[in-house]
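Once you scroll down, you'll see the structures, which are given as structure tokens.
In the two complexes that follow, subunit A is the common piece, with subunit B as its partner first and subunit C second.
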Partner chain A sequence: MKLIALEGIHFGYGSDQSEILDDLTLVINAGECHCINGATGSGKSSLLHLMSGQLSRPFEGDVYRDPSLLIGLVMQDPNAQVLRQNVGAEIAFGLENLGVAADLMVEKVQHSLRRVGLYTSLDTPVEVLSLGQKYRLMMAAQLVFNPTLLLLDEPWAQLDDSGVKELNCVLKSLLDEGVAIVMVEHNPSAFVDLVEHFWLLENGKLKAGQRPIADSAASVLNISASVNHRPSKVVAKLAPHQFRFVDQDPLFSCLQPLALSSGEIVALVGDNGAGKSSLLKTLAGIQANITHLPITVLDKRPQLGIYGADLGLLMQRPNRQLFEQTVLAELQFSLKRFKLPLARAEQILAELGLQDLAECSPHKLSYGQQHIIALASLVCLRPKLLLLDDPFAGLDKQHVVKVVQLLLQLRSQGSCILLSSHRSVPFLEVDRYWFIDNGYLRDGAEITEQANVG
Partner chain B sequence: MWAKERKGVRQPYFRFSASHYCAAALLLSLVLSSGAFFLPNSALGWLIVIDAILVLHGVYLKNKVSALLRIGLAQLAVTLPLYYLIHGENQLLEGVIVVLRVFLALLPGWWLSATQKPERIGEVLSWGLPTKWAFVIAASIGLLPYMLQETKEIYAMQCLRGANITPKALRNPKNWPELIYCVVLPVLIQLLKLSKQMAKAAKLRHFGSVAKPTHWPATREEE
Partner chain C sequence: MKSPFDLQDALFIGFCATLLVVLKSMLRLKLGLSGHSMFLMTFFYLICYGVVNRVGAMTVCGLLAGLVAMMLSVGKGGPMILLKFGLPAMAMDFALLFMSGVFNLRWRSIVLALIGTLAWAGKGLISNLLIGMSGQVALAEFGLSFIQGGMFALAAALLIPTVLSRLHAHDLLPNRPE
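Our next item is the complex of A and B:
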């Protein structure tokens, strides 16, 4: 049964810009699973919003909608969709708007939570959930009113491996129930067993894409460091400790001392909510509400404002830090404040092949470009320790290559980089892994050693 | 047998639900906030006592009052020098009273947002206001803690980037514009983006589909 059909769709963001969607045609039938791939800024999210009927600008073309069509859309950033403070109330929002009786709500909400594998109390504050958990919460908030078409924007980037596995199960059961699914995704291989139709959105047109090989994310890039590096000076030390917020249970325990040395890249890997972001913020000295920890960074107890240009931190959604009028000014801001050579800004733009963006407003760039500019503004400081919170989230291949290029260059200059991710980063040659697993923070080498002994 | 015994028990005619409690809290907050502006100076002492009880209640429920105190102190630090410059030394006490009144007007709002859930406030407001207005007011109250967290994170990011906005640097008024460019401006951009996306998220979840939406029942914890 045909649920929705788009025919001859033309859409653009301004008369002076080329069309994002150019004579696009797509038909979705009940129980089908479609995956749309494409570079950032190619119009994938706009296409989802067009299908959901929430596009903010007019478009040309015909859209057929079956009377039974009920659409649920989970947008890329879960934080921007949270409307309530508690899990139960958040999921029930859709039910309230459909006039569902209050006494039927609790059961429906609980069922919806179970469908996405989120086993938490209905009174749980949304703010304590991790980003991946929030994504699942948003899915539950859509599934609660039984949509016939579910649209998902970049689920892989937000979820850890167990979350992706659970999502695969949820989506499979939805498909079995006849629900149609359309997802836009940079890594279609994560859902290869479900998807029947792969598409590539390029130059405004949908082209039939090839079926990717399962877990091919590892093979998409092959970048290696051009300069040999040798870890030397210790830049951060973590003595054994229990990581906990004040008056709360431990988030994880670190039983062995850990250290970070200059000239190495360490990847901190753990599931959503394991405490990766909190650890990075603690190392930068900006994590509030935390007990005293035996951690030293650059021979000092971490504290905001004591490291100057020697420490950089890129948080999630780094486009939040952009405020200057031009990209060049954005890159030069910290260089000016730390009295470093301003020429580094132009140099890094040239190395990234982004000179054309120098005079552009950073607010008008695509998500990927903003991400690169925010990272470049820290890299050009050449900090001794650079902390990156999920630096590859939501980036396409083209931008991942640029991030990897920046990190390898920085390592070759002797900086230490600690980056967090909810899965391993096979496309980047890291020196070591730290894992937060089952409530323990451990060095990857230690785990390998134990496995060998076993 | 049990059923017969139960039949004889008189059920109360009126049960004070979470929504009624919220309505009472909303009314109390409105009265106290208005009182902060309209009461004579001689009655402010009583208002301080009542507001102090609200603060104790909020703190007892594990809410932090430090941000509000900081706002009060910052207001005092800005207002008093201006009063001194414009009206001279004699009017300083009047300046303190003006700041006190503004602070006392803010306190009930803090207590309300700290003790009541936005959806419950939305439900109560929808008794007398159009649903859309009630949603906007409730969503704005619910947005405050998130925006406070965003502001803290953006502030920390810019401090790490070398912006002259550390508490020490801000003692110099020359650095105040930097706080506006680096923190206030990005926070406003985030707020605009967020409100647009929240409106979209609400529409996607059928907001406005029925004239009289139902309401999520109060959970045991809330009761």
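Our next item is the complex of A and C:
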């Protein structure tokens, strides 16, 4: 049964820009799973918004929607669609709008939460959830009203490995029930067993894509550092501590002293909600409501505004740190502030091949493009310590390669980089891993040594 | 055919009108400077015009603000408060009919702001004449009000292009303001 059909769709973000969807045609039938891949900023998320009827801008072409069509959409940035203050109310929002009786809601909401592997109380405030947990929450909020078509934007980037595994199970059961799924994904190999139709969105058109080989994402990228480096000066020290918010249970414990040295890249890996973002914000001195911790960064206790250009933090939601009217002005803002050469802005855009975005508004770019612009604005400062919260989210392989090269170059210049991720980053030559696992923060080297001894 | 105002426009006009009255009542500026109310009024009317981009937006905003102010008893005018808010907006909209596309946004904002001030000061002139003030004194009062109000209106008008280009950069305006 045909659920939705797009025919001859033309869409663009302005008369001065080329169309991002150009004569696009797509038919989705019940029980089908489609996966759309494409370069960062190629219009994948816009296509999902168009299908869901959320696009406020005019477009040309015909859209057929079956009367039985009920669409659930999980956006790339789940914060953009959070409406209520606690978990239960957020999931029940769709049910309220569909007129479901209140006494039936609790059971449906709890079932939906369990289905996505989010084991939390219904009264939990949404603001305390991590980004990955919010993604699961939004999944639950869509699944609760049994949509006939589920649209997912970049689930792999936002979920940890167990989340991806759980999502695979949920999607399989949905497909068995006849629900159609359309996902936009840079790493389709994570869902290769489910997807029947692979598409590549290129030049505004959908072209039949090739079935990816499982776990190909990492193997395609083979980048190595061109310059040998040697970590030297310690830039951050973490004495053993329990990381906790005020009046709350510990998020994790750090039993051994840890340190970050200049000229090294350390990857902080942990599941959704493990405390990665909170640790990075603490190192930057911007995490509120945290107990006093024995941490020093650049020989000072972390505090907002004391490091200047010596410390950079890339947030998980890049739009939180973009404010200028053009990409070039965004990159030049901090350079001007710290009296650094403005030419670095154009130089870094050229290195990333993003010169054509220089005069674009950073607020109108895709999630992935915003991520790379926010990162570039920090890299051009050449800080002594660069903290990156999930820097590869929303980036296609070409952009990942460019970002990796940028980070390696920065390391060779003596910067220390601490980046967080849900999983290991095989495409980047990191010096060490820090793992947050089962409530403990450990140095990866220590874990490897223990395994070897064992 | 597209309706003159869609829901988004109506919500924005309502937002501007309410914010104008709320700010005016909350701040209750006792600056001792005549005409400072023209700053907020001009700013919100011109923002309304820039965002909605339709003739009539400022009038609707002005009348709505007057109604809200009347209901909330903001200001000292009683029912005349409707005229106080509405008259400058109507004058600006009327002027817009003759100057659409003539100047660039900055100059259009300045001219509209001065016309709004003229209407605002004109309302004072008529009130003064009605209560029996001599024509000479009323005219002098009118001139003074126009100069003082005009300065505040001018300051607000100069902000408009920057604010609108920021709104456009944040994808809140479909077309670049010109």
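One rule holds for everything that comes next: the second predicted complex is superposed on the first by the 421 of 454 C-alpha atoms of A that agree within 3 Å, B and C clash if a C-alpha of one lies under 4 Å from a C-alpha of the other, contacts with A are read in each partner's own complex, and residues count from 1 in each chain.
Basically, a contact is a pair of C-beta atoms (placed from the backbone, for glycine too) under 8 Å apart; a residue touches a chain by one contact, two chains touch by 3 or more.
Values in this document were obtained by computation on a predicted structure and should not be read as measured data.
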| item | value |
| --- | --- |
| First, second, both or neither for A:426, with subunit B first and subunit C second | neither |
| Partner chain(s) touched by A:294 [first = subunit B, second = subunit C, both, neither] | neither |
| First (subunit B), second (subunit C), both or neither touched by A:284 | first |
| Partner chain(s) touched by A:353 [first = subunit B, second = subunit C, both, neither] | neither |
| First, second, both or neither for A:363, with subunit B first and subunit C second | both |
| First, second, both or neither for A:178, with subunit B first and subunit C second | neither |
| Broader residue contact with subunit A after superposition on the shared chain, subunit B or subunit C | B |
| Contacts of A:309 with subunit B and subunit C, given as first, second, both or neither | first |
| Subunit B versus subunit C as contact partner of A:257, first or second or both or neither | neither |
| Subunit B versus subunit C as contact partner of A:240, first or second or both or neither | neither |
| Common ground on subunit A, meaning residues reached by subunit C in one complex and by subunit B in the other | 363 |
| Sites on subunit A touched by subunit B in the complex | 49, 52, 54, 71-73, 75, 77, 79-86, 88-89, 92-103, 105-106, 122-123, 127, 141-142, 145, 281, 284, 286, 288, 304-305, 307-309, 311-313, 315, 320-323, 333-334, 337-338, 363, 377-378 |
| Residue ranges of subunit A touching subunit C (in the complex, touch as defined) | 57, 324-326, 361, 363-364 |
| Residues of subunit B defined as touching subunit A within the complex | 117-119, 139, 142, 145-146, 149-150, 152-154, 156-164, 166, 181-182, 185-186, 189-190, 193-194, 197-198, 200-210, 212-217, 219, 221-222 |
| Subunit C to subunit A touching residues, read off their complex | 165-166, 168-171, 174 |
